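What follows is chain A paired twice: with chain B in the first complex and chain C in the second.
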Partner chain A sequence: MKRTYVRSMDGWWRRDPFFLHYMAREATAVFVVIYAAILLVTLARLAQGEASFGRWIAMLRSPASIVVHSVLFAAFLYHTWTWFRIMPKTMPPIVVADRRLAPWQITALGLAASGAASAALLAAVVALAT
Partner chain B sequence: MSARSTQPVFWLLFGAGGMLSALIGAVLVFITGIALPLGIFVPADVLSYHEMAGFARHWWAKAFLFLVVSLFLWHGAHRIFHSLHDLGIHAKKAPALACYGLAFFGTVVAAAELLRIGF
Partner chain C sequence: MSEPRNITLEILRYQPAEGATPYFERFEIPFTDDMSVLQGLQYVKDNIDGSLTYRWSCRMAICGSCGMMVNGVPHLACHTFLREFDPGPVRIEPLAHFPIERDLVIEASDFVAKLEKIRPYIVPKEPRTLEAGEHLQTPEELERFEQFSHCINCMLCYAACPQYGLDSKFLGPGITALLHRYNRDSRDGARAERMALVHQDDGVWGCTAVGYCSEVCPKAVDPANAVNLNKTASALSFFARFLPGGGER
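For the complex of A and B:
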């Protein structure tokens, strides 16, 4: 039986910066899931009552939690950037006044929408809290 | 009778979760993980059981929290499932069951906990 040479694919994504960016972009999904899990535990603690939620608040105020959330924050910012960066490739062309929107215009629109939505949400929370 | 692929459904959930998290994910992490615990922009005593339970009893807050938790999970599950192939894991059934199963489980738990918090 002849055996043909099969090139190993181990660590293929480390061979090229393009692949590295691709894997970094895909890896943001892990952080999104971690944050959803934290929110889920928060809901469960809230449903369990005051004592349980009080212990959860103490945990959220711990330096370790602040560090974890800072890392999550950075990962989400990267996700936002990459999401709108690839959006021109993932959506159908948008035609405005007989001209296709340029890729950078779609990215810029997405980032602007994210900035506006984030500012509105933060303002709503501050208004609700005070 | 035709066998329809379930992929479009997962792709739609992936896209919706990706869009929602790209629009407000970062600011949500900042609000719930940094601003509320440290009292930045908001009074420090806002992060209390009574304030948070009061908030989560609104139907619109429940809808919002449910969408955030479930769509974030479906987004992550779909993306991780497809990345496993890139990492050399070529099995399909078990990883799909684990990824989408966990997202489904999280969605059910989120709905149950939100109902348990009450109205």
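For the complex of A and C:
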């Protein structure tokens, strides 16, 4: 029987900056869930009627809410970037004009599509509101 | 040739004995710009302490024997230069996530057992006589698996995979890359058998897309890509059973 030594995995995610970035990517998913919950509450308030919705909107306009949303937005941006950065690892080779797309090109296309979709949604919301 | 300078290696030593624990031992060695970490270890073994134990063979990044942690990052010792760490010290440990057998030698039997399980060779679709000639393959068919065939079984990707470190039942990156290499080969007929391993909880689903395996791979195999492509294949196969005529894909 060999006497092997098994090293502990305690604190593994602090051992390498790569793992810290990975944990940050996974942790920002929680912020995405929080924002989804805020949107759901907004829908529920809307269903409850104008008075309820008005109070909720006033609350959302408070300085504390704006701070929370700024933090959520920053976490969203980071999460989006990390999400598209890992995307090339999940895809089969994409060949355009006999050349395989480089990972950074797939990431850039994803980010561009996400930016365009966000801009289109913002434009639609602004157009509906005015 | 540059003038020799000195650098300190901090090497994790482990001699199996009752109650033994690993410890770091420091060795100061002369080095030149063209010296690899492996050559540094060889200097120690030849001139300071002949009991230092490590695996090595080809010295040119093809045999995959000399994988070890250099300053906490999985590297092939022959493919990593001491000059990168000047003025040092350089911390050298056995590959992470594997049991240590002695000094820098890890216990690789788990990896080897998994390698045997995936049948890492072409299982012909049908028996073929010599008269029938060779199996022909187009450049496009080669392109489907070529990248994954560069794996040298060095296990750096396992030392980079925290999921394997937390639960060694996980099939892991390198083995999945090799499995994918044979599954994508137009000459092979054992895909269904290998996919049964992919579908298991310990198959591809142990992966959480950390992605470090592909970063440390010295052969640009991109094992994270193989694992994640097989997640898609596994999910498609799961849902295919609900379609008319669906089944193993």
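Quick note on the criterion: the second predicted complex is superposed on the first by the 122 of 130 C-alpha atoms of A that agree within 3 Å, B and C clash if a C-alpha of one lies under 4 Å from a C-alpha of the other, contacts with A are read in each partner's own complex, and residues count from 1 in each chain.
As a working rule, a residue touches a chain if its C-beta (ideal position, glycine included) is under 8 Å from a C-beta of that chain, and two chains touch if they have at least 3 such contacts.
Everything numeric in this text was worked out from a predicted model, so none of it was measured.
*Asks:* Could you look at A:Arg7 and tell me whether it touches chain B, chain C, both or neither (first, second, both, neither)?
*Replies:* Touch partner of A:Arg7: chain C, not chain B.
*Asks:* Answer with first, second, both or neither: which of chain B and chain C does A:Val125 touch in the superposed model?
*Replies:* A:Val125: touches chain B, not chain C.
*Asks:* Considering only the touch criterion stated at the top, classify A:Ala113 as touching first (chain B), second (chain C), both, or neither.
*Replies:* In the superposition, A:Ala113 touches chain B alone.
*Asks:* Chain B or chain C: which reaches more residues on chain A?
*Replies:* The partner that reaches more residues of chain A in the superposed model: B.
*Asks:* Under the contact rule defined above, give the chain A residues that sit at the interface with chain B and also at the interface with chain C.
*Replies:* 9, 13, 26.
*Asks:* So in the complex, the part of chain A that touches chain C is made up of which residues?
*Replies:* Its residues touching chain C are 2-7, 9, 12-13, 15-16, 18-19, 22, 26, 86, 88-93.
*Asks:* Touching chain A in the complex: which residues of chain B?
*Replies:* 17-19, 21-38, 41-43, 46-53, 55-56, 65, 68-69, 72-73, 75-80, 82-83, 86, 88, 106, 109-110, 113-114, 116-117
*Asks:* Which residues of chain C touch chain A in their complex?
*Replies:* The touching residues are 14, 16-18, 20-22, 72-73, 96-97, 99-101, 107, 143, 162, 165-166, 208-212, 214-215, 222, 224-225, 228-229, 231-232.
*Asks:* Can you name the residues of chain A that touch chain B in the complex?
*Replies:* 9-10, 13, 23, 26-30, 32-33, 35-40, 42-44, 46-47, 49-50, 53-54, 57, 60-61, 65-66, 68-70, 72-73, 76-77, 79-80, 83-84, 110, 113-114, 117-119, 121-122, 125-126, 128-130
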